[in-house]
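Note that the chains are named A, B, C, D, E and F in the order they appear, and that numbering of residues resets to 1 at the start of each chain.
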């Protein structure tokens, strides 16, 4: 009897231990797998977002003149390179370090002591920072001093972007705490880039020959880009990279809303292109390729904030509006305000970034956020918060960038001299030609 | 010896060449050029801004010939390039004082052909 | 004693409950992980397949003339954009909705009520639909009216592609039920595109100057493409994207046959390029770059149907044959049939798509399908089914597309007028130039 | 009583079985998931590395003259295609077959009998082999006979690369056994390509017009590349692909050091670009775009060996040094040694490959390898092994390649004749033009 | 009839065109060219190797006019192209013996305008 | 004053320039052109279809000189461009009536150099 009882007890005991051990092992493995999902998801998404640098470079090269192609490439290469080092040194710390009042991070400089999870998050974040930085090069193309651009790159990646990023994405920022929702960065990334671009374009002034006085009236002249195939390639690369940008922003590889994000992203980009094509058709009498390309990007920027919280139908509308908006906005900045933005960066990233941010307050489906969007009967609560965020970030970025560019302009100088501008920045800034051997009308 | 310089529509080049060949004129030089003549320019637009294109793409043909070949050459060009519409182009004849074949130093009438 | 027994019972009870709870949790997590695998796999694969749009755009731009580059880009951008919206609205429903007799799907319009799994499948499927659509633009390049092309895009993505797709991939289609095997779409995607392209090229007629009467005989003239580097880039992008296309078609991230698919895909593409290079060398006396590029694509199209069921050695042969075939087919369509297909889309996607479909019946290894291929002693059963599928889809697509293009041709008109064609579609259809400033012989 | 006891026993028994069954199932699923992680990770990484072929093609096209663009493309396409088949037939066997004394693999020809894991490893390895092969085309650009290049491609992929690869990466090779560490291939891939490129460039001799006698002194002349935007695009593609190259080299999707690898890779590329830009600025008075692009690649090559074992700060330094080194090295090979390497392949891949290999011995953090690096107080042990490896591989590759190219040169001939070189290889080797219609000064 | 051929700085083309228009000279042909004159070349570098560029980008303008238009045309070109710096360019006047309008075969003075 | 116009092989441009420099002729204009002469075209093919290329790439050189410089210039061009093979090219000499330096309005002989 006793023996039997002991046997039973022992059996049960062994069983207990075994199960426990097995459970422990399994739990460890499951935890590892969870980490592995996030790891490969975020690193692959980061690689895709990195690739967007190529997209920006090609779009900007394509929509400007041949004589500045090498300079644009250098700017795109170096804003990433300098920006990455800056974001490594201080940017990450300002963005994700322990908060000082929800306004700025204060530790983790040089991401010292980072474990694999922090390194993973850093790699995903640095490519976003670089995206914000590189947006500006398009608006400032064809006339900016290379050295000055380098200075700007460091400042935006080290200071401007991370601080407003902290407000929204750090988990402890004041805007995030208010319930401001910007899933993948319509505001955090794109508007920041767009408004810095606006400040830059204003301080720089237009390219020579862009606005000409005819009978006392300044009229806008076209300065056609030199390579539409590359511009189109750039847009396809950006769209491709955007799957990393938006889908990756789930921040987790086991988040099953990834497919929702992918669908809304695709639909908005599509209707963005359609919207811009139709608008350009109506406005100019012909479907304009470079505008349609901008339209796809506008749709993508527009959906970025709300991609996870709006319905597919919602995304169709957001994209369509963005596509229409971008054409009108490009015209407005060019013909009314006479601000020269060669690639439409301000309209695509600034204006459509705000539209996307606001759209969250209109189209958020019930249950996704604390408040549903206005169109789903959630009232104007979310809308108000979104507007507040958009305005705050605008103010922060625009004022700081205006200051920065003005200081650069007064000190090292922001603009190349007019002879160099006419000749092209490739020769004057880099002493080379981008299309050696090709016969090109350089007077254009 | 004369130099016949013609500015024609790019897409008429093939027809002009055929006509020249028919008249056994095989030597010529062809250059890309932009022209502004009676033909009105047209309007392109780029990103919604109008571009007035008044320098149109043209082909410049230079043909050096001996005097007796001037008429056949001019006629052949006209035959090939004429559509009757503005933009068909123009032919100029200028004098050549000397012509030298680099290969063997031949000069004058024999060198031209 | 009693107490002891109770203790034991309690212990055992606890153990039971604990284990069960733990087992429940674990099972849930494992199920979530399974979903997560499929999610990230299919979304990443979809992104890769999306990127193939850039590949198609670059190949087509590169193999046509500079004066039509902007138009081609617009067609590629808009066939995706319009196609995606069409596939969202009705295409998916026709393809994957509840079947009506195995011929057409009948519900899920606007993918209403889709959960994350359906959204995931939609994003993976829409990029396939867009691939089929975009194949056509190459064959119809340099002479098609833009508006008419838009109409075509919507119809193929909304109706033609989804219905034959339903037959094969819906799980309940009549061809699929017969045992027709097309792993990633040699027929479903590529042949559909290729045969629609053929219909388009026929209805359109050749480009001006392509076939010239000399002594009463029509001879084919070359109209060289203007940008080989971009064409090559396009092929590399397509090959890259094909890893998403084929490997993603496991439809599951935990399917370990992924590597098999990747290997056969790589080998077939390689021997496709080799086959075309050698054939062109023999035929024309020199290894022709644009043909070798076509060869790589031919190998890829050829392996797409059988990639999961043929051996690596089988894939070498399939690719090689495809590479040889594509050169002969291009010559046949051009010189014998005098059908003008500027980029060889009919040969690459139509002809090699059929070859790949048939090849399943020849090279399927035993055990992979119900019947092994002919060369593995499985008899002609599978071969017969494959041929039936290829013929049925040909008939369906070719007739419908012929009808469609004829109707368009009689109503809105399919072709630009000859002055516009000579001048180039960039100026006439879009009022812009693609390479502004470059000096280009536009008479070519 | 008895019944109760029996009940208890039964309950416990059931419990035991149930738990065991559940544990079995779970373990199977977990094992499957582990395989799935590795599968999707390596296949996606392989796709990224494959895409680097496009990067190499664009860099090489961009940095050479327009009249050879089609030839370069053909070389890049065919070295992959022929190389893949060669690596399939024998390369893999020599690299990963059962070892003969740590020097060469001896079985698994045609990867016969490979299961999904071997196929997975093959697909990941073949793209590395192709990378090594394709590096050479840049250094030999603009003057090499196409046929001869094909022969070379097969030999390097079938023999040269796999054998030195066996020494280091097979797990049983003599260098690996000594503790030589080359995480992702600074030596195994890049130096192999770089030194073969050096041998090729030496045997070939410089392009016509590259070195001109002026007053009895040979001086170096610039032969500018024709397409900087494509060269830049190529570099961005390479950088993008490098995330597959380096991160994929964890060989496991559940290895959480992936993020560490991604971070060091990014930082080194950035400081590489910065280093080269600054060095070129100092040396030539202006920030040189093509050198800065080379700098980014140099940083990437430099970090490839040590990416997993050096700290982020270490990677910053490694990249910076690589960036400086590449400029000095390009100048040295060009101006001092007068070896004509149009794209700087020898400097980027050979020299910086060695630097990266050595850097492991300097910067390896304690705990990562058996010995820490010199700068971390680990002494010179690791440094010595790294140097030994670098030298051994140099000797193996350089001598064999020299032999190979000399034999080719004496038999089929390595170089096109001078008329063809002047005219351009596109016309002479392939009978076509790459930029048909564009007006190009072909005398450059 | 004379042919006026001018080599000017590329970026002065617009100004020159404006001046010509002011003088009611609308017909011209414009070609891309490279020029070597008193203007020194400049130095570019490529990958650290110096390139001496002594063929500078220029625009070649060909304008055929009747005798009485020679002076206004030359003056207009000078007005538009002159900056007073080396590199401003040069104008050559050569005789034309005949001029034919392809469209309608008109020749001589009436054809030129 | 004469205008010397030469059509030469593109890859001979460098040699021609060297010869001209030796003779202290530094001013010239260089244009890309396509030429059809005694030299036969060649055959390219594209996607298996033969292309007969009979317009070959040439360089057009325009050099305006004073009378006494005509011979040295022509000789220098021949010296630099001659290989003795068909395709070497041709030189045409035409009269110039006037030459104006835009920078300072100088005309005639002094303006040309």
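FYI, a residue touches a chain if its C-beta (ideal position, glycine included) is under 8 Å from a C-beta of that chain, and two chains touch if they have at least 3 such contacts.
From a predicted model like this one, the values you see are computed outputs, not experimental measurements.
Student: What is the minimum number of touch steps required to go from subunit A to subunit E?
Tutor: 1
Student: Quickly list, by label, the chains bordering both subunit B and subunit E.
Tutor: Common contact partners of subunit B and subunit E, which must touch each of the two, are A, F.
Student: Would you indicate which option in A-E, D-F or D-E repeats the interface seen between A-B, with over half of the contact pairs matching by residue number?
Tutor: Answer for A-B: the repeating interface is D-E.
Student: Starting from the mean Cα coordinates of subunit B and subunit C, work out the distance between those two points in Å.
Tutor: From the centre of subunit B to the centre of subunit C is 48 Å.
Student: Please report how many Å separate the Cα centroid of subunit C from that of subunit F, as a whole number.
Tutor: For subunit C versus subunit F, the centre distance works out to 53 Å.
Student: How big is the gap, in whole Å, between where the Cα atoms of subunit B centre and where those of subunit F centre?
Tutor: Their C-alpha centroids are separated by 18 Å.
Student: If you look at subunit D, which of its residues touch at least two other chains?
Tutor: Residues 8, 12, 15, 19, 26, 30, 33, 40, 44, 224-225, 227, 233, 284-286, 288, 290, 431-433, 435-436, 438-442.
Student: Could you check subunit E for residues that touch two or more other chains and list them?
Tutor: 31-32, 45-46, 94-95
Student: What chain pairs are in touch here?
Tutor: Taking the chains two at a time, the touching pairs are A-B, A-C, A-D, A-E, B-C, B-E, B-F, C-D, C-F, D-E, D-F, E-F.
Student: Quick one: in the complex, what on subunit A touches subunit C?
Tutor: Those in contact with subunit C are residues 5, 8-9, 12, 15-16, 19, 23, 26, 30, 33, 37, 40-41, 44, 48, 65-66, 224-229, 232-233, 235-237, 239-240, 243-244, 247, 253-254, 256-260, 262-263, 266-267, 269-271, 273-274, 277, 284-290, 292-293, 296, 312-313, 316, 435, 438-442, 444.
Student: Mind listing the subunit F positions that touch subunit D in their complex?
Tutor: Residues in contact with subunit D: 10-14, 32, 42-46, 57, 59.
Student: Across the complex, what residues on subunit D touch subunit F?
Tutor: So the residues of subunit D in touch with subunit F come to 422-423, 427, 431-433, 436, 439-443.
Student: Taking the touch rule as given, give the residues of subunit F at its contact with subunit C in the complex, in rising order.
Tutor: Per the stated touch rule, the residues are 32, 45-51.
Student: Quick one: in the complex, what on subunit A touches subunit D?
Tutor: Residue list for subunit A touching subunit D: 4, 8, 11-12, 15, 18-19, 22, 26, 29-30, 32-33, 35-36, 39-40, 42-44, 46-47, 50-51, 53-54, 57-58, 61, 69-71, 73-74, 76-78, 80-82, 84-85, 88, 110-111, 114, 116-117, 119-120, 122-123, 126, 146, 227, 230, 233, 426, 429-439.
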